[in-house]
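There are two complexes below, and they share chain A, which is joined by chain B in the first and by chain C in the second.
Up next, the complex of A and B:
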């Protein structure tokens, strides 16, 4: 599999740091590579971002630095050299010693890494006891220092808390403190900020980067989020289908991405500073065993030629420290970050209000969640509800959709006020306001076929029956870019992006005037998000469908919405047209959100 | 519509099940016992109530029983009653239990609370005691009384399991989506919720079948069979227990049959439970 590498490079194994050579991981059952031909150097004090979409093998690479492969896979080739010693060749007792002490791991979900029934202080001390670090007194002192380093309080009260008494960001920083306590040389972070709000994410990232630099720790930051990498990494490795396709200094990767995949990925990311026509990458990431011959990306690449299908391209050095796995790297021309830029939605456009919310108060039992929210949505307009978790954005959308009924105030559709729950609304109102859920893995019945799922709203609302309905299903599937071959698939056979398209098709089947989109891209990869967003934009333009778009991603708002409501703790703190709010925010909170959002522009 | 909705899932589930040794073995043995109960009466050397010799003699394969009837023939005739009653009782118990459980889970709130607390009261009653109380009150209990009693005593147990499984499903977004579209409640239950409960419920049915057989046999042993003269595996144990020392086969043969059948159905239930756990996507 290893292609001839023309660049006999960097054998000067740096002191400290970590060198990965020709690493490969296979499935145990079948001779199928999960990842292969991975070469990576982590210099001391350096943060390397390992970026890839789901199925790219980034987490597999991350854990193999600790000599670990998940059940069903095994590390089949290569070396992981820590100061000249190969971690993969060590006896398991030594590996156990090294894990945590010299190579530390911060998991994606820190809440599951902390024991919920042991106090924070005890856990930090216990860790040192296990490693035999220090004495009884020095351990407690070290625990306090560790907490101070990550910017947490270290008084007795805090040490006595349990994990559930901390916020998500605090838990993640405790996990970070634990990782740094034994003074490791290498840190592997597996998407440690996924699921955190932008403000907390920024705080955790800054803490992490500062610690790595001050302690001279090399870090591998595994993530799917290019924007996060742009903020913290020194160098970036982009992975696709089990191989590193591009590797280089951060600035080079973002200013001059040379692999078609990196470019496509960057094209699908929204910017904070201006609206973009987002584009997805056609097709889906191939699973191990189903990857194409030659260049792994050839079946989705716009520049692919016959020679791309024949041989696996080697990593070519195009500039110092900049390597690209593409044979046509010199032929595909330059890339411009502003290529997809489109004008922002016109803030002065005449509006024809179709849905209006006035004085909305929402309750869960006795808890008052949303306070006096007022906004409206015009025909063919996208209005975004933005806020951090707990801001009440989803609660509002569920109330509008009639999924949550404990609310007071007025929600009017074409001037008629709507009943609280969907069941009490007229069939016509139910048909014209459609809801699309956040998680496409939960929103489709796994026992039904795609045809049954999409057809149901038509039958229910009496729009079409039998053969007509089937024809319309095929038509809708084409509109959402799904082949009609999937007609009889069960939802469980589809990928996340495909499922979300089915969910959109189901909403479209009812011929709605308003679609409520509840974080519909947050569970998806960026390239899939790009294609879903461009699909929605097309629907808005062709059919004049209005949308209420709930999201936590401000950059996405810029590209998709015309108006925005910024929510905090159940209240609208700022609202207006997207251009005005984002270019000239009036409220402190909005400014904070904008400055904390990771950006690549 | 609900039948067509669940149809595509069923064959693949069964195919997956047959690939599992535990289930396949249990399934085959269960089939053999059922086939024995159905077809054996046609081949029995003696009639159901025909005397073949003196009581507790060694004549025939398994000897004779307390009335001098051939044990093998009694064994061959005695399965049908037990199995039919058990299967019907299980079906009844499952249907009632699923109905209570799913409705409780789907309705939630007060309905859930009232249904399940009432259910708890029933659960507090020992299964066999309830049956005995009613049976002693009746002069000549017919077969369906036993079916109803055993089935009814299963219902609260099934209801707990069904509610537990359904709770995990009714909160999923596809059920909420159906609600938002304004589907009828009955259709939400039949087309959206129930098809996703097939695996765990099949496993539960297997387990309940095992209990049914045990219970029906126990009732027979205690003398509460529908027809006191007819051959019945449970009853045979009771009738012949005095001769256990001299002619153990008269008791052991029905015991073995019941044991084999319960073990086989249990294996089947276990296998189904495992597959349904693994098969959740």
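Up next, the complex of A and C:
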């Protein structure tokens, strides 16, 4: 598979940039590959997107470029050539010298990546100070210019702040400024916009792209979000289970994805322009050591044949610069982006209102968070609450669910007003309105088994017990596509997607009429999000369950919801049917949200 | 504002302690009978004198407020054993103990943090395992055993470098002969260091796994600087809390060590006073120990706040 590689390398190396050859990372304890056979070239000034789900090894590849492996892993093979010098062969001191100065890293979680007890200004210049670059004044001056470049204030007051005194977007831009300050040649960005809302994300991405272009920096952008990659990358490498499965120019990857995995990923992404029937990828990403023989995707692939199970397929060049690791690449036909497009929810459909919210004002202590919000949800309908962080969308859903009680106004269920807190509501009301939380890692008791978790609501509301209840649990687990083999697993053994399915099954166990879904897919991979959304859509159609769907992802709204409320600073700025609001937004704010949303269509 | 509230709480705690101390020492049983024992019935003169001194005839509340008023005005009362003012007798021993504890702290803090840093640096590798095993063993040995071992090692059986007891001739201070201080201080250090070190190591390990330490490494910061500036700074707060707890424990818990080395400190005096039923002495010493406890913890809390920017800004806003 390296047949095309040597010439590529000879062309690129003299021009700068970075060349990765045959990189491999192993676990320290066991002879198990985390990633292997990674070949990548970063041209100067080029942004390469490295895309993969959790467990694909994309972050491992990212930090390997700096000669760094996290505890428990070690770089076992390959070369990382920076202008012809192999970073992996250098002595420790030189590697340290190269880090920051020539290859810089922008971390994933903005909130935890800056040291909480060192002031921003000091952290920015720390490296230069240690290396003795320039004088104190020139370093400070450079830090101020760097902050200005990323669009942040650069006065003394700002430099004296600590990380916790900045917003998420500001912290991430400080991290970006810090990475650019030593004027590196290569930048590794590890999901730097995860957890930021679309407006901030757009700002950070634009800043990054502008800096890369103006400074001629090559960047490796590690992410699970294909939509983000579509907006910023020049080339895209798709990773699965520790290997690159497809590599090519961005336009080629999105117009003509040739690996079944790339196609499956694209199929699971919602579009802004149309509703889609989202599909997940069956199964889960295999962990290192548990990966199948042959093509690693064969057990989840719709096109797999016997030959796929025999040996690891090589990366084949199917077009100039376009390489695919699939032996059936010529046999699986063309791909169409519009596959899976379905008609939008009909805006004129007759509505039978089951839940209505009128004049809702919510307070936290003396703070007035939500102002005069009115909307309703009909039977078998999904209503989306959309807004940036701090817009009050979760606060509203918590008030509706009775989890937050400092509110005034009316929340009526089937025409009857509900009490402020869930405690004061009747058991019947509590049963019929169920809440699913954002983070499935925190919402399930790790000491209980799946059976106990799902059974609990049935016992609580007296719906079933004993053997009956167990049968119902198995039935529910099938409905949410979990095998009954997991019945006695503890929640801690499950992946994020599986946990969220358990959370959904738990809500379903109460046989609710309304489910409140609070950002339930934002902690999950896109393919898992796809399967969760298709699961919810099935439930809505079969059982006629209504949903209040809280999210910041407008594309997702298009595929799942019939109506949408756009929130800004605790007020509804625009509402209506999804088709009308998204195709013909009246408010400036809605237009801004739409234009800031990353899209692939 | 926050500081005022915290100070108020400290005063409240101190007051509660005074109530407890008073109840425990003065109100339980008849102190005069306890002091005089068999002489209670025979030695009527002594009995009446004691009863007058302790105010036995008054109600508990009156006696408590008399005593509290004395405390607040610096009058700690008169010793029952030798009819001398309490303060004159304990001022020297209090200072002696404070010096002992302070010296132990000065040695213990850098030592404990240093060991923790070395241990965390070699996490779960041989040096770390060895250090942790030794620390755990030391933590498990009672301090008088450590003391006896140290005496055997350095002053009697093996070497003969330091004196086994602290001999203080009247009018001099223990530190006038520094070699006599070495073993008591060493015993205290060995008794306390393991706890502090283990807590600091655990916090350091957590901090070393954090994203910002990873970023510092990926930024090209040398490992010693990562450890000192990025990791230690964030691990120091739990460290301060343990140090405070240990120091406070030392202030009251040095009894065994002081007895072992015949060190003229508070602990020994307390034991003697309890044995003599010298109620005013016991009360005064208890209050001083409680005061040290509260002050040390107050200082630790203030330091913790000052070293945690998030908490600092939360308070100032």
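As a convention for this text, the second predicted complex is superposed on the first by the 582 of 601 C-alpha atoms of A that agree within 3 Å, B and C clash if a C-alpha of one lies under 4 Å from a C-alpha of the other, contacts with A are read in each partner's own complex, and residues count from 1 in each chain.
Please note the rule applied: a contact is a pair of C-beta atoms (placed from the backbone, for glycine too) under 8 Å apart; a residue touches a chain by one contact, two chains touch by 3 or more.
None of these values were measured; they are calculated from a predicted model.
With the two structures aligned on chain A, chain B fits next to chain C without clashing.
In the superposition on chain A, A:97 contacts chain C only, with no contact to chain B. By the document's definition of touching, of the two partners only chain B reaches A:460; chain C does not. Once chain A of one complex is fitted onto chain A of the other, the partner contacts of A:443 are limited to chain B, with no touch recorded for chain C. Contacts of A:510 after superposition: chain B is touched, whereas chain C is not reached. Vectors from the Cα centre of chain A to those of chain B and chain C enclose 30° in the overlay, to the nearest 10.
In the superposed pair of complexes, A:162 makes contact with chain C only, with no contact to chain B.
Touch criterion met: A:107 reaches chain C, while chain B stays clear of it. With both structures placed on the common chain, the touch criterion links A:127 to chain C but leaves chain B unconnected. Of all Cα pairs spanning chain B and chain C in the superposition, the closest are 5 Å apart. No residue of chain A touches both chain B in one complex and chain C in the other. Interface residues of chain B, counted against chain A in their complex, comprise 5-6, 8-9, 172-174, 176-177, 179-183, 191-192, 195-196, 281.
Residues of chain A touching chain C in their complex: 63, 66, 68, 70-71, 96-101, 104-105, 107-109, 112-118, 126-127, 130, 162, 164-165, 175, 178. By the touch criterion stated above, chain A contacts chain B in their complex at residues 401-403, 422-423, 425, 427, 430, 434-435, 437-439, 442-449, 452, 456-457, 460, 490, 492, 506, 510.
Of all residues in chain C, those touching chain A in their complex are 209-212, 214-222, 225, 229-230, 233-234, 307-310, 313.
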